[in-house]
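Chains here go by letter, A, B, C, D, E and F, matching the order in which they are written, and residues are numbered from 1 within each.
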Amino acid sequence: DFYHALEEVKPAFGIAEEELESCVQGGIIHFSPVIREILKEGQLFVKQVGEANATPLFSVLLHGHPATGKTALAARIAIDSGFPFIRLISPEDMVGFSEMAKVQHIAKAFMDAHKSRTSIVVVDNVERIIDWVPIGPRFSNTVLQTLMVSLRKQPPKGRRLLILATTTERAVLKQLDFYNSFDSDIMVPTVNTYDELLYILEQSEAFSPQEIDEVLGSIGDIHDNRRIGVGIKKILLSIETAKQDPDKVGRFARAINRAIDEDL
Amino acid sequence: DFYHALEEVKPAFGIAEEELESCVQGGIIHFSPVIREILKEGQLFVKQVGEANATPLFSVLLHGHPATGKTALAARIAIDSGFPFIRLISPEDMVGFSEMAKVQHIAKAFMDAHKSRTSIVVVDNVERIIDWVPIGPRFSNTVLQTLMVSLRKQPPKGRRLLILATTTERAVLKQLDFYNSFDSDIMVPTVNTYDELLYILEQSEAFSPQEIDEVLGSIGDIHDNRRIGVGIKKILLSIETAKQDPDKVGRFARAINRAIDEDL
Amino acid sequence: DFYHALEEVKPAFGIAEEELESCVQGGIIHFSPVIREILKEGQLFVKQVGEANATPLFSVLLHGHPATGKTALAARIAIDSGFPFIRLISPEDMVGFSEMAKVQHIAKAFMDAHKSRTSIVVVDNVERIIDWVPIGPRFSNTVLQTLMVSLRKQPPKGRRLLILATTTERAVLKQLDFYNSFDSDIMVPTVNTYDELLYILEQSEAFSPQEIDEVLGSIGDIHDNRRIGVGIKKILLSIETAKQDPDKVGRFARAINRAIDEDL
Amino acid sequence: DFYHALEEVKPAFGIAEEELESCVQGGIIHFSPVIREILKEGQLFVKQVGEANATPLFSVLLHGHPATGKTALAARIAIDSGFPFIRLISPEDMVGFSEMAKVQHIAKAFMDAHKSRTSIVVVDNVERIIDWVPIGPRFSNTVLQTLMVSLRKQPPKGRRLLILATTTERAVLKQLDFYNSFDSDIMVPTVNTYDELLYILEQSEAFSPQEIDEVLGSIGDIHDNRRIGVGIKKILLSIETAKQDPDKVGRFARAINRAIDEDL
Amino acid sequence: DFYHALEEVKPAFGIAEEELESCVQGGIIHFSPVIREILKEGQLFVKQVGEANATPLFSVLLHGHPATGKTALAARIAIDSGFPFIRLISPEDMVGFSEMAKVQHIAKAFMDAHKSRTSIVVVDNVERIIDWVPIGPRFSNTVLQTLMVSLRKQPPKGRRLLILATTTERAVLKQLDFYNSFDSDIMVPTVNTYDELLYILEQSEAFSPQEIDEVLGSIGDIHDNRRIGVGIKKILLSIETAKQDPDKVGRFARAINRAIDEDL
Amino acid sequence: DFYHALEEVKPAFGIAEEELESCVQGGIIHFSPVIREILKEGQLFVKQVGEANATPLFSVLLHGHPATGKTALAARIAIDSGFPFIRLISPEDMVGFSEMAKVQHIAKAFMDAHKSRTSIVVVDNVERIIDWVPIGPRFSNTVLQTLMVSLRKQPPKGRRLLILATTTERAVLKQLDFYNSFDSDIMVPTVNTYDELLYILEQSEAFSPQEIDEVLGSIGDIHDNRRIGVGIKKILLSIETAKQDPDKVGRFARAINRAIDEDL
């Protein structure tokens, strides 16, 4: 295919380090203890696949609201695993691919993984890979089935494979009977409390303590202690927009309030 | 493809100045303070992408009723950005394209944009690009997914990209889970009050003050101060038709009244 | 394509005079003052596109019940415009065409029109061009989108284009969001009153005054002054069939009554 | 296509006499005065197209229950017309054709007809030609649209064409908006009364008068004078089966009673 | 096609004796007088087509529950006809065929039959040939239409053809408007009474009289004289399984009871 | 196909011993007497096909909840049969295959089996082979029909074939009318009671007796003696994960409890 031909060649083996690091652009801010637990559970699965003889194949689904940091966390776990082979399967790398080209791209990634002693395959944004759209609903069943079967395909003797997938559409995967194909799953949370938001604003160094006070005062209704429920990525982005506006505090508050309302 | 082959070649790089200017044929009439606010918010996003290190990719959706000037405003913001690369993706440039040809046209526009330090891609009339039709409903999921993923595809390191899209079908984009892919959105209003209409009629220089009085008197029921709710483009066009008719005032009033009724 | 290859070649430029004239085979009988108003409104749009600088592109939809003379009236307006380029896009010229061949046929007609200073494109029987069928419903979305975008595609600078389309399915075009793509629309009426029918029968010279009396007496219930609601083409055809039958009056009355009943 | 290649070549011009005669295998039994009226109305349309200048194109739909003799009557009218060109379009001649091959077969038949001064095209069993099936429902829209447009395509100047179509699915054609494409229609009746059946049994010479009495006595409930409602073809076929059975009367009665019940 | 190429070549003419005999592997056990009536009615249709001049084409549908012996009975009638040409169209011979390959396979079978003076075509398991599946429902309309039209295609003058089709899905064929295409139909019964089952068990020589008693005692509730409603093929198969089990009686009874329950 | 070409060549004949053994990786733990009964019933069918003259073709469906050991049991029966030809048809071997490639892969497996005197074909995970997905629902009807017909295709004279299929979707196969195509079926149970779980934990040698007590104490509500209803494979996998966690007991209990809840 046209686009296919244009994409830059990547080595079949080895770790796509740079590509993975770019997924953790904003770092990992520990705004909640849950973040550390997620990273720990990831290490556990890495160990189970890496050391034990008995589990040559294991798959985990990271799910959560949009912009909660699913991709960043999966990338972090993969990078920290120390496994010699890591591969990222991402919709952004398959723009303009035909259904068959996608199937082959995916199949090839798993085949390559099967050639390494211990491997991790990160399948990012599963619903986008399968071209999911709620009207219809429509999706590529061919790609879906390829993913479902690849998840269960035993690596050759002596090879071990950990699969980390991410999605915002856990309910959809359940309806597709895809959710059951995973051996385990991890829920990635939104930023929920005013304390969590406060922590992030401080870390960002974009606001003075007084500005932070103003911001918190004008978000939602602080006395209700209403759930904020906005993803970390959205918060970091809104901070950047606010920085450009003379009315920094107002712009940020409006952006977050709109995000909160959309979530309702 | 046949038609594909016939379309005139355009330079891959540089600004499609003339094409963009033709979108602002009727100028920008400031019939409401909202118009200026829209242009300002556009500048803000231009700055965020152009100057900051932290936001290499940002996307904005301009939505509003038909004929409200969405395309003209997006074009204006893009022209005024001063960015070295601006590209317009428009359904009118893809007449007779196959689904795959569309995907490649879109993918190529984004790839070209990724090659410039700072770029703007205007995606005009999203619902038409995806061949949306409410009966069915039907649309090209392949093209839709291409747009959704292109919107999220990070430009290479050091490159920055602002995406401005327009649509009359915000509700549809929501149902398609496409709306959430945008980082921000701007609502473009219709001409709503008699004062706004008065201002436009004066600017047009097509009617004498007395004729303007007559027009306003015969539109809707002025005492109700009913919302007019007609797009600026429709109003400008009706002025042109009226100019040809000996009964200029009557023809214009009938046209606007019919437009008001259709909106109900 | 096979059939494609067999159709006789027509000059790309110039007026398809003969083809258009054959659409007005039965002449224009002025059975109602509305007929003249329709022709006048047509002239107005011709003037707006032909003379003004400000409206290089304008589209009008003629809609009405089957057999009401939509095609004849559109052809009449086009012929009388005096524009150097007139093109008829008709389903009858696309029998056996694939979807893609249709798209190219339509795109080519508009491209040719864009090459002339002032042009008219008549798009006849829109619902048939898009292969509309109410069961399903089904239609060619590819052809529909081509028409929708072609209607909005600006001719090159200095070129002007008037588009006249016809349809019996106005409600369908509304549901398809196609109706809104037109800048204006004209409703073509059926023959409704006994006086209108009387006028046509006299003009046909097929019946003696006494036979006309008999006919009117046996159609519907004259005292109710019920709407007749039959298209002019159907009436002219029934006159022809009646001429062959020894029982001329009876045959004509039965045909019209059946047409009236079908309309209920 | 494979099958296409195997079918025997037929002259493009001239009358398919033998093929048409084979449609009237069982002759025309005048079991009801309606049969003669149908043939007369057919002659009237033949005259209108053949003699008048004003009606170069006319189409008639013969509809009725299965096995009522629609094909035989259309063939009879065509043979008796004396027109130099008659063509039968029948599903049996398109077994194994692709959709496109069907479209071309149909288009070619009409094109050939357009080359003769006066022609008749018989379109047999329309619902089968369009691959209609009530589950879905499904049908070939491509073939349907080809038929609809072919019916309206004016022959070249000076040429005249009468189209006779048959169908058992009048309601379906109405739902498909196809029924309205016909200029007139003829209803073909079933055998309804005991007298009609009696007449046919006598004509068949298969039963003695006494056997006929027995038959009539054991069909339905003669005192109710219930509608029989069975097609002439089915009756003629049941007579043939009965002839093979020692219990001729019983076999025939059982067959007809089953047919009556199915009709309920 | 691949599989197509691999299948062994069969003579186009002549009787597929061995293939047909293999359909009657288990013989014809006359467990009910209905079996003989079915064979007789088959002979009647054979005579009608074979001897009479008047019925060159006749089609019969054998329908009944699964495993009732439909295929065996159709094969028996065909073998006993003495006709010089007999052809079996069976889904088992079309594994891996594309839709078009199926259409050609069917069309060819009928074309070959048309070349013989008197022929029988057995169309086995119609619902499987058309790829029927109740979810959707889905089926190959192309293959269905081919069968429907082939059933009605008159053989050339002087040739005669009897068609015997089998199906378990009579209701489906009705919904598909296919059922009406047959000139007659025969219902094949299940094994219903204890006496019928007793007769079969005796014929099988697999059980001692005492074992037969035990079997009958433990099937259903003999006092209810409940309908057994199991197909002969299923009964014969269960006898074979039982023979392998030390607990012959118990195994057989369990198998039949499960079959009875499934039928509820 | 691409992937097709890459898969390693396997001998057409002979037993895929290694592949089958890998399906029984975890051995067969006799946690319930039902396990032995299943293996016995399997032997019975092996004998019926292997020894008797009368049943050259027999098919059995193993169905049960996910992870209950269906594939392992089918593999065990096949390996223990001693038949000279055994073939496994598994979705994992058809990743990236087109629909047609799948059909040929399946057809070829059965054709190879037909060449051996006695054969077993294991069709693993039927719902995945047919690309079943509950949304829509969608599936490959072409592959489904191929399986349905292959199951009924008689091997050549003197050849005998046993088919063992597995599925988690018995209800789906019923709706697809596929379930009836099998001559018999076997239900594979989940681990249901605390005693069964206890037995497995002991066999695993991963927990001390005291730890086992703790585990059982914290699973579900032991006093309710609630059904556990978790598949053996899931239990074995959870044991492996637990082994990596310092809190072995807690991790295992959480995993099982989550599995129990999902089952509700």
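By definition in this document, a residue touches a chain if its C-beta (ideal position, glycine included) is under 8 Å from a C-beta of that chain, and two chains touch if they have at least 3 such contacts.
Just so we're clear, the structure is a prediction, and the values are computed from it rather than from any experiment.
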Any chain that touches chain D and chain B: C
If a chain touches chain C and chain E alike, it appears here: D
For chain E placed onto chain F, the superposition rotation in degrees, Cα atoms, nearest 5: 60
Chain whose mean Cα position lies farthest from chain A: D
Same-site or different-site touching of chain B by its copy chain C, using the half cut: different
For chain A paired with chain C, centre-to-centre distance based on mean C-alpha positions, whole Å: 57
Centre distance in Å when chain A and chain B are each reduced to the mean of their C-alpha atoms: 33
CA centroid of chain C to CA centroid of chain F, Å: 66
Numbers and ranges of chain D residues touching at least 2 other chains: none
Touch-based graph of the chains, sorted into line, ring, star, complete or other: ring
Round-the-ring chain order [start: chain A; next: chain F]: A, F, E, D, C, B
List of chain F residues in touch with chain A within their complex: 2-3, 6, 22, 66, 91-92, 94-96, 98, 128, 131-136, 138, 237, 240-241, 243-245, 255
In the complex, chain A residues that touch chain F: 44-45, 47-48, 51-52, 54-55, 58, 100, 103-104, 107, 110-111, 137, 139, 141-142, 144-146, 148-150, 152-154, 157, 175-177, 180, 183-184
